[in-house]
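Take a look at the structures listed below.
Each of the next two complexes has subunit A plus one other chain: subunit B in the first, subunit C in the second.
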Partner chain A sequence: MLKQTLSAEWLKLRRLRIWIVLLALPVASVLIGSANYAMNQGVLQKEWYSLWTQVGLFYSEFFFPVLIAICCAALCRLEHMNKNWNMIMTAPVSVASIYYAKMVICAVLLLLVQFFFFLLYIAAGHLLGLPAQFSSEVIGWMVRGWIASLSIAALQFSLSLVIRSFALPIGIGLCAAFAGLGMYVAKLGMFFPHSLLSIGMGVLGQGGLSPHQQFIWVLMNLLYFIILSIYSIRRMSQRDVIA
Partner chain B sequence: MIQLLSLEFYKIRRKRLFLMATLFLGVELAGAFMAVSMSLARHPDQEEWMPLLATLSSMNGLFLPILSAVCVSRISDMEHKGNTWKLLLSVSVRRGQLYLAKYICACVILLGVSLLQIAAAAAFGIGKGLWESFPLGLMVQFMAGTLLTNMVIIALQQWLSLAVKNQAFALCLGMLGGFFGMTGDFFPQAVRQYFIWSNYNGLSPVRQSYVDNAIQFTAIDGGALLPQASILVVLGVVIYIAGSRHISRQDI
Partner chain C sequence: MSEVISTSKLSKRYGSTYSVQDMNLTVREGDIYGFLGPNGAGKSTTLKMILGLAKPTEGKVKVFGKDFAEERRQILDQTGSLIESPSYYGHLTGLENMRVVQRLRRVPDNNVTEALKIVRLDKHKDKKAGQYSLGMKQRLGIAMALVSWPKLLVLDEPTNGLDPAGIGEIRELIKSLPERFGMTVLLSSHLLAEIEQIATSVGIIHQGKLLFQGSMEELQRRSYPMIMIKTADNSRAQRFLAAEGYSPQLFEDRIAFAGLGDEEAAAVNRRLVAANIDVLRIEEHKKNLEHIFLELTGKERSL
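The block that comes next holds the complex of A and B.
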């Protein structure tokens, strides 16, 4: 059943041209971050680490959360048009498989974005003349960023599946990104999906997480993902759709 | 025209657009007031209104392009979603008029946001005991710069939101605009003047600069900003006319 819904989601995504947005935002953050690094090399002397703080700061605090929101809203957009909710809810597939198909597609797209951002970061480093060997920690930050992005995606889906407007969940997502920054500064980062992304991508603090903190970080992501997914699926199953 | 405009407001009456904009503004103001309070605690000798206006200008560069994108997208997307273009044009309304009505509607919402922002900034300053040094001239200048930049950005966003059905592109532009609005000062002047989003800072009546590792605030005379404002007005008119003509000739 999931396979059928997955192929349907791919089909719906085909002409959406979402890839333009998915590529544009990481390019913008890497360009500005690299330019800032190049202009301040006197102060930023930790080579790959310093470049990471510059390119990753805007990306993880600002662009990536909104990109996740855009991705989720785009995946729900077609259902909110032309009474398509009626059609999809009467299809012989379970509500959970509809939800998880959207989530899987979103996860794949976000993984591709992370990989593209990683490639851009490496290319920028080489163009700026940094040594060939970069820190392997970056791969860990990328993977953690992707895991945290799934929690944010679960939150965004819980909004985009209900709110018919395309823009409103994205606006809420942006406000949540700033709230997440505030939570991180207030040392409450483990309790909010957007600050889990900040912690995971290690842009604001590269001290690394202790095994205990890592366990809590994974647990919190898992909790957010499960709770929000259950909420969304239950809501879709129990409430009448507004087509 | 008045009828069209009132129809636009009628259509968005249940969209809680102003409430959403106010909440969005609330997030911005919370961040700005927190930053200013911390700055004043560290440097009690600073001229108190200037840090507030400078912080609000730079925060506007980030928030208002995105808020404009969201508001314009919601006003435009309802026609795409409901397939109401044909319906609207069948009541013999010129598309140019419809475009203008939507533009004014978005401008009025953003005007409301700017008024709220000024009121909140004034209340914050007065709350800090700064009633006597209230800088009315700077406030008016700040408001004028913000409104002018808003109007140009709305023109660009409306063009994209109405031309392309998929609102992801319009919101992506809003995001990039917010990004350029915030980082505009890093670019050279020759490049910066073409980034319309950087004018929140560019037309701000207060400039901040770093001298010997300390921030200094300088008030800018309104006359000195007139050339930049004139370029922006011309850009805005060009974008609006181009957008209106393009949408009027587009096939439905």
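The block that comes next holds the complex of A and C.
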């Protein structure tokens, strides 16, 4: 059944201009981060890692959460417009498969974004004259960033599926990104999706995570993802469809 | 004939007011059931509850004899619908929109081609649905509802936005569906004339309540004929006939008799002629459905 909803969902991406946002925001993060790095090379002496702290900071604390919010809002807006909920909710598919189709599409898009961001980071490093060899840690940060992005996506979907406004959930997401920074500073980062992203992408802390912390980190992401997904699906199936 | 849809005591309450109350709707196989009522009477809400888009406050819905709450997917698999106004993705072409439904419903390519042809959108299928006219969007909506050749078709105000030629065309299409494809159709309208021309069964809803349900003939049987006579001097004729024991009423430029049989009509004519009052016209007027509808809803209000 997921195959049905997924292939239908895939078709809807045609001609959507969401690509522009998905490409522009990583570029903006890398540009700003690299400029920051270039101007502060006096204090930023750890080469690839220093570049990462700059580029990744803008990306994971601001641009990426906004990008996730826009991506989720855009996928929901398709249905909010022109009474499409009426059509999709009378299709012979389960509500869960409708939800997960959107989630899978979102996850694939975010994975591509993450990969694109990775390429941009490498390109920026080379342009800035860093040595050819970068730390392989980056790959781990990218993968973890993607995993944490799914928790944030689950949060954004829970908002955008209900709120018909395109901008409001994005605004809330932006506030949550700042709240996540606060939670991180208050050492409560493990308990908030947006700070899980900060931790996962390793942009604020120098040291890596201990195996124990890693376990908690994965668990918290899983928990957020599952609870928010169940919440969204229940809400979709129990509430009246407002098309 | 078996019951395709049956609702029992179906009610929907928003806040403290009932939008639909104690609705016992029965649609039989092969029916074209016309669901008639003024705007805001609760038609769409009822249709939405039948399709599971709205959850009943009280009561139950059975479709194909199955409980909706338990067998949602099996029911929806055999049901096509168009609710409120057509659904479409504006950035996709008509054909791509159909493909979305095709994938959700797993139907062969043939169905898509056929459905587009049947609503005469095949020449516009590569145009973006967002650029369609209202009538074309409505046709697309009907094509989407038809694409799986469902056993049950639920159409909410299907002729909305269509031009007169389009209305006629869609009406003929809907009329042909039970015979051609063995479909059962439930359609709503606020236009009496439309229901009268399409439906075989009628349900009249007003302020959330079902006031009448039965076959079209049953509804029409409620209309009784009036004999209207136009004479050269109506007021004299009326006085004369009243004195003769009839109860004629002046009605515009005619005198009207309720429940006058053939022989009585002939007798009235003979008497008028004998009394030297020229008879210009004798006509039979059936009380039209509009009157019946107004009687049922109890108000002279616009539909």
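Convention: the second predicted complex is superposed on the first by the 243 of 243 C-alpha atoms of A that agree within 3 Å, B and C clash if a C-alpha of one lies under 4 Å from a C-alpha of the other, contacts with A are read in each partner's own complex, and residues count from 1 in each chain.
Definition applied: a residue touches a chain if its C-beta (ideal position, glycine included) is under 8 Å from a C-beta of that chain, and two chains touch if they have at least 3 such contacts.
Everything numeric here is computed off the predicted structure, so don't read it as measured data.
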Superposed partners subunit B and subunit C on subunit A - clash or fit: fit
Which of subunit B and subunit C A:Phe115 touches, first, second, both or neither: neither
Which of subunit B and subunit C A:Val241 touches, first, second, both or neither: second
Which of subunit B and subunit C A:Leu174 touches, first, second, both or neither: first
Touching partner for A:Met81 - first (subunit B), second (subunit C), both, neither: both
Touching partner for A:Trp19 - first (subunit B), second (subunit C), both, neither: neither
Minimum C-alpha spacing, chains overlaid - subunit B and subunit C, in Å: 9
Footprint overlap on subunit A, where subunit B in one structure and subunit C in the other make contact: 16, 81-82
Subunit A to subunit C touching residues, read off their complex: 4-5, 7-8, 11-12, 14-16, 78, 81-94, 238-241, 243
Subunit A-touching residues of subunit B, taken from the complex the two chains share: 15, 20, 23-24, 27, 31, 66-67, 69-70, 73-74, 77, 81, 83, 166-169, 171-172, 175-176, 178-179, 183, 186
List of subunit A residues in touch with subunit B within their complex: 16-18, 20-21, 24-25, 28-29, 32, 35-36, 39, 58, 62-63, 66, 70, 73-74, 77, 80-82, 164-168, 170-171, 174-175, 178-179, 182
Complex contact set, residues of subunit C against subunit A: 48, 51-55, 73-74, 76-77, 79, 81, 83-92, 96, 99-101, 103-106, 144
